[in-house]
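Common to both upcoming complexes is chain A, partnered first by chain B, then by chain C.
And then the complex of A and B:
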């Protein structure tokens, strides 16, 4: 994870926006759309303290992201920053090209998965957050165990895969909507500890649902393989 | 990345299964690890404050299965006070768990403690 000092600063220093647009190119001083690369003069950029996984793609930090926009920026940057482009470049640019390429993959991976995106976003917003996710409510853990057992039945040939899948998708949708609303409330008001607590509680649930989703994909694949 | 002991427990897990949850001599602990999304159920059957049998069911990685399997082996024959003293580091050490899998042993410790707590609550209510 790369730190983003700007977002972590006391909010009294803020002027209501924390956009990457205020960053300027190391070389030509153009305003940067992506904080790791200048599209105006094609100069690869040094790391700086305001850089984060959102700003490198030129999107504002938030739980709701436009995956198409991130994908388009990713494809453009992964090509522009490819180490092959820097074979004749300075040693420094070559090193940056390598590390920025790794950074792009990590950033995209983080932004594309709700659990990782939410946890990363919270680390930018909440001073002192170390990434530790608390235990989800006990009722939720019991529900997860129950759904896992339901999937055992599906694998044994009884039980309905579709029904369990629908149950998981409903849970996922509820959590996604709650995270979206809670982050919208939390970003402008970071003193709001209750909302932060709700965000943590919902993040704690996502990994369990990820596992269930993964198991459902495996079962579905096996069922299809057996039919063929 | 798995140690021989983890592979042994993973391929031949001890004490898989379950007891009747409503049995007053049974304590049930169901816990989950938010880091990996694994869930674990551990049950203890108690007679005169001594654990006479234990069962588990774990949905998770090899380390989580091995940790809970080992936990059921270790608690058998112990008093509930003795079982409550089993720590995650003892489990992690026995299984040679790498740092990224320590939370699996924490889960097993939590499961023992949750099962004991459940058993005590049941006893109080009867």
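And then the complex of A and C:
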């Protein structure tokens, strides 16, 4: 079995390619505010191809999201969907409730983390994109080596973890701003291959930094342990 | 009336059941019976004893009186490499890495022993409630892994109980706390029990109780504190003992009992002493221990719990100052040093108004009520404590579902083959946080066969992990080009297999009815004797407390009960006992006095039903 990094990228079945604003309820035909649940007749909707992680929460697909809005929708939906609310429901509703609750959690998790959100959004926008993220640019990799060396020093007890963390946070902020701008340009113009390339490159950087974050976490834990 | 789903706290030291009555959630007990049961099982010449009766036999049957067996639930050889020199009973590894407890020829699995405790609780609950108990919400330490959860579910099934839901102990406590105190904000539940430590950080928001993070150690509890005292006692009174293996099971049981008494006394006294008798060693001596000495012994263990608290806060991206309340759960949280250190850490007085031994069962009962459709006014979002994943090349642990993921959780990833024309793949499933699978816990393995021959890397094998609301994992795999698929529930690499469990469930059902009636008959007859003795003892002053009519009624019913003692119908006996309970309530209340009543009321503080 190959732990192939390229293939390992998660490929969810819930990718829809168009966000359609006027979805209608399976049961009562009311217009849906959230594609996953009808607030008019309280019916969980069957999974369909147009459902995506943005439409579930009733927000339009984009890199910039309003976390408060998503959280508020999440808290409404979880009460509507959770299996504990369907203990006396039909078998069909119980099954939908279970799978949709898992879907709702996954959707929230995806929208809340910049890398996951960016990669998911790109998979909605770019036909043929299967989640494979390329290697980041050479210059960036070299910069990462430098940061790794800084962290080695911290581990040996001579560097400053705070300083390195600040450096990483600055990088994250730059990437976040670039992704926001690039997605704004790309959404209305999907033929723009150059912008798509920039997005991919920034996603690759984010992925790298996420892994680095894990290492910083471990170092932080060791430092705390040593203080005990 | 919705269906009855009771809550059961299957603890390392004590177990009990609760339910939601007309007036609120409460422990299932009445004037004569209680489901509060020491988690002890004893094999004796007179058969199997459970609970307090079993505990009383521990020095008479030191090798076959089993305590703290929860620690072995869902465990294999690798997990019990810990020091077992202070175990009075034998723990061996049987076939397929299965743990067996007891003497050769009469060994039992931890699941079977736990099932005895659960059976006893079920029986008592049925007596008290007067109806059949079939379903339960059962609690487990938050840090229990998949195998330990599965073992708990198996134990309940062997006892004839259907598990409607497994919930985490600190989460159960949070439900009870959240609904009783009607608080909002971030809270920490500090659950230091007999065998395990858990800490969970939760956000309570209107009607939504969300677990943000959880940490713990399934081998850190009151038992470990007892062992520290035992080792101190050995140093002080048995200096000639160089190796704990020299100690007989009886001596260990006696030391263990003494250590528990000392520990409990030191929660309210600065100094305590008791007489320790070790007949085999010709020792009869007074042993003293001060709270200060006790605290010196246990301080490192308590500090270990705080290290977990720090990590849980870190995982939740919070600091101690963000926590608005710390709810104390578990018997070990009664220790003054524990309370002091927790208070110092958070800078706030911990919440101790809710009985820390009962709050878990109460929370489970409330969840049972919700799951029976009895209420819909709150929702619990719990998490898995440890990451789940598979082994990939080089023994690397590739995580699929991350720890602290909300459940139910579903994660799908695509993998490929490494060899040309590979027609099958084997997935090994692990749980843990380390980088390599050798440092994680193997949950099981799983084979996908029948993939058409293709060059390496071409097959696309989609692996799906689904963690249900109980925190239990199901794995399925599908080769996308050929649509070959396979699905399994994780079968632990050790412990009972499905056939053994099915057989045990069948056995338990066959004997259940007869067994139930027989055991109840014995118990009810015993109870009638106790009640009659009790009435006779206070009869001379009864007229000071109740009216002549009441006295007459009690006397008449006393006669009825005496005659019933030979009756074979347990339900008739039970009815008579209940009737006597009603008739003597005024009498009992008056005699018990106001002071005693107040103490009792404090402890059984109920949670209002909404």
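What we mean here is this: the second predicted complex is superposed on the first by the 202 of 228 C-alpha atoms of A that agree within 3 Å, B and C clash if a C-alpha of one lies under 4 Å from a C-alpha of the other, contacts with A are read in each partner's own complex, and residues count from 1 in each chain.
The working rule: contacts are C-beta pairs under 8 Å (C-beta built on N, C-alpha and C of every residue); 3 or more make two chains touch, one makes a residue touch a chain.
Worth saying up front: this structure is predicted, and the values here are computed from it rather than measured.
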Inset, instruction - Using the superposition on chain A described above, determine whether A:79 touches chain B (first), chain C (second), both, or neither. - result: second
Inset, instruction - Could you look at A:210 and tell me whether it touches chain B, chain C, both or neither (first, second, both, neither)? - result: first
Inset, instruction - Look at A:91 in the shared chain and tell me whether it touches chain B only, chain C only, both, or neither; answer first, second, both or neither. - result: neither
Inset, instruction - Look at the residues of chain A and decide whether chain B or chain C touches more of them. - result: C
Inset, instruction - Tell me which partner A:68 touches in the superposition: chain B (first), chain C (second), both or neither. - result: neither
Inset, instruction - Would you sort A:99 into first (chain B), second (chain C), both or neither based on which partner it touches? - result: second
Inset, instruction - Could you tell me if A:141 is touching chain B, chain C, both of them or neither one (first, second, both, neither)? - result: first
Legend entry - Contacts on chain A seen with chain B and repeated with chain C across the two complexes: none
Legend entry - chain C partner contacts - residues on chain A that touch it in the complex: 1-4, 7-13, 75, 78-79, 82-85, 87-88, 98-99, 101-103, 105-106, 109, 220-221, 224-225, 228
Legend entry - Complex contacts: residues of chain C adjacent to chain A: 205, 207-208, 303, 307, 310-311, 314, 370-373, 376, 379-381, 392-394, 396, 398, 405-406, 408-418, 425-427, 456-457, 460-462, 466, 468-469
Legend entry - chain B-touching residues of chain A, taken from the complex the two chains share: 133-136, 138, 140-142, 144-145, 148, 203-205, 207-212, 215
Legend entry - chain B to chain A touching residues, read off their complex: 30-32, 34-39, 41, 59-60
